[in-house]
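Several structures are given next for inspection.
In the two assemblies presented below, subunit A is common to both, partnered first by subunit B and then by subunit C.
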Partner chain A sequence: MKVYESRFLIQSISFAVLTYGGRLGLRLGHWLPCFACPYVGSCSGHCYLMALQRSQWGFQIPFAEFISVWGLRALGMFAGFVLLTLVLSKAWCGWICPFGTLQDWIAFLRRKLGIKELQFSWSLRDRLKPIKYIFLILLIVIPILIANAGLHSDFGLPFCQICPAKKLMPIFQGNFRYFAVDVTNPITVFMTIVSLILTAVFFVGMFFKDRFFCLFCPLLAMISFFDKIGFVRLKKKVDACTSCGNCQRICPVDIREVHLEKEKKNVLTQDCMLCLKCVESCPQDGVLSFRFLNKTIFSSSKNYISKCFIKKKR
Partner chain B sequence: MKIRILIILIVFFLFIFIRGVDIYAFSPGDDYLWLEFEQCIREKNGSLTLPLRLNYGRFPGAKKGLRELDDVSVFYSLAETDDEGKPVFYAARIQKDKQNYSVNINSSEQNHFIVFAQAKKKRNKITDQYLAKTSFLLFGHAFFKKKNTRTILSREVNRQLEIRTVPDVQCWPQTGNSVKIIPVFKKGRLAQKAISLFDENLPSVEIMTDEKGECAYIPPEDKRLNQKGEREFKQTVIVTEETQGGIRYISSYTLLLHRSRFKNHRFFMGVAIFLGTMVVVFLFVIARRKRIKF
Partner chain C sequence: MFHKKEKIESMWLNSAERNNSKAKIEQKIKKEIQEEYRRQADSLRKRDDFREELEYFLEILSLPISPREVKKRFSGPFVGLYCIQAPLELFDALGFHPIRLCSGSLAIQRLSAPFLPALSCPLIKSCISAFYLDESIEKLCDIVVVPTTCDWNTKLPEMIPEKASPLYIMELPHIKESERGQIRWLEEIYELKRFLQQRAGRKLNRRQLQISVNKYMKGWQVFGRLIEFRRKRLICGTWSIVLANAFMIDDVESWTERVNIVLKNYGNPKGNSNPGVFLAGSPVFFPYLKISELIEEAGMDILADELCTSERLMASVVYDEPSEYGLLKALSERYHLPCSCPTYIDNDRRLKNILNTMRAYNIKGIVYHLLKGCHPYDIESFYFEKVIKENGFHFLKIESDYSREDRQNILARLEAFRETLC
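Then we have the complex of A and B:
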């Protein structure tokens, strides 16, 4: 089985398990480093971002409570998240995340319709990069302000409120209720309208650009903090690279560092989601390799490319 | 003349007698005992403490001291029964601070509490027997659970007149969700019984039970509550009374209510905003993708 086939299979299984597994009594915890949306009633695990913003396991607690069981619980939840992140790193994004899978499905639909992908300039990409960190800072700071500075609690779970996954993922359970405007008070009106507008923008963006939302994903930003100490590596034999540029052209999130890198051996970058398309497309034997605990799991080869090519020809 | 005076006297005594019965019927001006929720406290060990204040008077504002009441006691049940199927009651320690009486209910784990307070007051030939009740869930998460220090109540529990609600407990009680109110007097339901509801922000209302001895109450939207955060709550006190054998039983139930989560959702407005934005963005991308260099 080819890597892209394996990936498609694992993504589909993960999507089914994380979206419907709750109906079978599966409980994977609140620390998953992927967009397993808690607003899907039948989900089997929860995205860690929600725990991070809550008072039970996250930052929405008074400073005095940080040194208490409540602080320890938040720390324990974070430790669980870090452990899962260290084991699979960005593979959570490329292979498991249900929202990532949804984006891939939408992109697949676009390709089937024969619509070209939108190309962003490098300068635009560089300008967009900090947005995910801004989201990450806000989703930590706002809960702290609610708990300690009297900010209105309707700003609670700030990222979940505007996250497009909250609107789009429950659809797979037949639940459309999060598309409503909440007219309870001016804050809820503002937050729901902003979230609807953002969801619409991201939805169209996801159609025209592969993994558009991942450009802004604060979870991806958090995961990338642990890239250097994770068990997973994307290695490059810098000397053997012929700079053909295949890796850059095929990358769904337009990473050029894998192509341009001339010194570092680990080319797992901030936006990488370990889809391994770059490794698959590299025509040089062993130049790019995916490693887990320093053991090569998959590496580039002429043979692999020719096999894929021949199969397609037939 | 004597006969006329006699008739007047008889009518007068009848009037006194009838009034004598009538003045013991419950009216919104009468006093009662109720339990009032305060903000839950998160203890350092991970357990939760819910302070409940005992009040006597009229909800919400007209509070009198509890010193004029006798035999004030508080007990609670964990929605569990003994071998004979009877509920097990535990004694709660009342903390007295001048006129303020309160109890702290602590939970190290997830528990469903039903808390009762009882008291009585003698006046002339009739005794007022008060019972206050409330029900709630506490989700404590203590790492190290304390040994069971609960004391089983040894004294008699006076629950002749009790207000029950269906559902008896809700994870997130909120306005807009129907609650069935059932006044139970000596194990029997009370049909055609007046139930008074006193709200923190809204005018009081009175409803009657039907032939089955129950009535449905849908807590109305409360704009003042809506302005507060999602976790804020208000309280509604349900009161009823029944007189029998020289004892007037006055029972209350405190209903804790959050604002409604979904009643204020406007679905079509939301879908219109979503689709409208989608069309605009879609057309923008289509129109500009050849001309614009992002």
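Then we have the complex of A and C:
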């Protein structure tokens, strides 16, 4: 089975399991390193970002309670997240995340229609990179301020409030409730309007650009902290690379490093989501390889390209 | 910008052969050219490893001496190409037949010798001369596409006669791994597309372009197998170069089919243990196969090369954006990024790739072929020599041109080089 086919299959299964698995009583925990949105009533596991912002396992807690049972609970949750991240690293994004899968499906539609993908200049692409860290800092700082500095509690779960997945994923359960503007008070009105605008921007964005949301995803930023110690590696044989540019062009998140790298052997970069399209598209035998615990799982080859990218019939 | 035709003719008549009439000389030169092509083809036919399936490629390579045959064989309109940067798939999709206007003919050079610098690149000399024949592939072409690779190509428009085929210049960005270089080249591809659409009188259809890309990918696939055969010494270097040369003239589908047939029936391991060498440097094109033949005569196998008329001809195009933009971007990158012509500035991967291939196939020496007057390769050869030797490999630079006089001399040097490899 070709890599992109198995990826499609695994993505579809994960989407079904994480979106509807709850109905079958499946409970995978609150530590998942992917956008398994807790607002989908039938979901079988929760995105770790929510746990991180909550008072139960996250930062919305008075400083005094940091060293207490709470601390242990939060640490346990974090350990679960780290363990899952170490094992699969970014494969969570490229192979499992239901929100990523949704984006891939939407982009597939664009391709079928032959519409040009939105192009970002190299400098714009680089300037977008820090935004995910800003999101990450805010989603930690705001809960701390709520618990310690008297910030209004309606700012609680700040990232979930503005996250487009909260609006889009429940649709698969027939739930459009989160599109409503919450008129409880000015804060909720403000937050829901911001979230509606962001959802609209991201929805249009993900049609015209592959994995548009992933460019800003704070969870991806968190996962990438563990790239260096994880079990997963994306290796490059730099001397044999002919610089054909296939990997750079085919990358959904416009990573240039895999193509341009001439010294370092590890090319798993911050934004990479291990979709392995670069490995699939590399025509040099063994130049790019995907490794798990130092064992090569899949590596690039001429034969693979001949099999996958050349149509036999006209 | 162009020479006046009269001026050129007068120069030509004032040259060494002023006593003969123009037509007579041309007739004589034509005969010499035909003789040259025939002699080279015959010497290939006489080889032990000649097989019937290879005859097809010799026929294709002899086409430049009979342009009428070209017309009969392929459906035009024809586009002549210099170098390897113009995207073949684009021509194919718009119904043009692309032909690379390389030439390895010595006899033809006399036609342009009087008005070119004394130390001119032999390949350019031969190519330009063809424009002075009353019948040639060059004259058959509706358009001649010239990318500005080396200085010879850049000055080419000034060197060919005024009424020759219309030239289309593509400005090549010499820095590849920068955003502006890549954008610039994509713009050139778009501009070429517009120009070709105008000529063809129809719009580019992206489905048609996808079909053309697929055709060339099949060519790439079989070419990859040919290279594998060569590395395993199942087919010799000279034949690989002949097959690759033929790709530059032939229709891609029939070429692919024919190479497949060759690979099916060929492939007796020679069983000898000649030392392998890597052939680098200036292009080698039929009937100028002196270098590869002499290397083999001296008892070495050319297991790999990086010539723009051989292994560097093809690269893969993989795309997942089937929009017109996506396809053209894929093509622009395929013809720009992996090309390791020494005219590029950021070309450091080339040497690394060569060393990597040499290590992988246990090749101990490199023969650096240099055409006299080919400045980019010449300049680079010194640095090459240093790095190659530092890495523990042997290096031999051979400077030559299309003449036959230095054969013995080169053979002696190659034989000495072979001793160092054993």
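Keep this in mind: the second predicted complex is superposed on the first by the 308 of 314 C-alpha atoms of A that agree within 3 Å, B and C clash if a C-alpha of one lies under 4 Å from a C-alpha of the other, contacts with A are read in each partner's own complex, and residues count from 1 in each chain.
Here, a contact is a pair of C-beta atoms (placed from the backbone, for glycine too) under 8 Å apart; a residue touches a chain by one contact, two chains touch by 3 or more.
Model, not experiment: these values are computed from the prediction.
Of the two partner chains, subunit C is the only one touched by A:Val238; subunit B is not. In the overlay built on the shared chain, the residue A:Gly25 is in contact with neither subunit B nor subunit C.
In the superposed model, A:Glu117 lies in contact with subunit C only, and not with subunit B. Of the two partner chains, subunit C is the only one that A:Lys277 touches; subunit B does not reach it. Touch criterion not met for A:Gly150: it reaches neither subunit B nor subunit C. Of the two partner chains placed by the overlay, neither subunit B nor subunit C lies in contact with A:Gly174. Shared contact residues of subunit A with subunit B and subunit C: 121.
Chain contact summary for the complex, subunit A toward subunit C: residues 111, 114-117, 121-122, 237-246, 248-250, 260, 262, 277, 280-281, 283, 302, 305-306, 309-311, 314.
Chain contact summary for the complex, subunit B toward subunit A: residues 42-46, 141-143, 226-227, 229-232, 259-260, 262, 264-267, 269-271, 273-278, 281-282, 285, 289, 293-294. Across the complex, subunit A is touched by residues 176-177, 179, 206, 211, 214, 217-218, 221, 224, 315-326, 329-330, 333-334, 336-338, 340, 348-349, 352-353, 355-356, 360 of subunit C. Contact residues on subunit A toward subunit B in their complex (touch as defined above): 56, 61, 65, 67-70, 72-73, 118-121, 124, 152-154, 156, 167, 176-177, 179-185, 188, 192-193, 196-197, 199-201, 203-205, 208.
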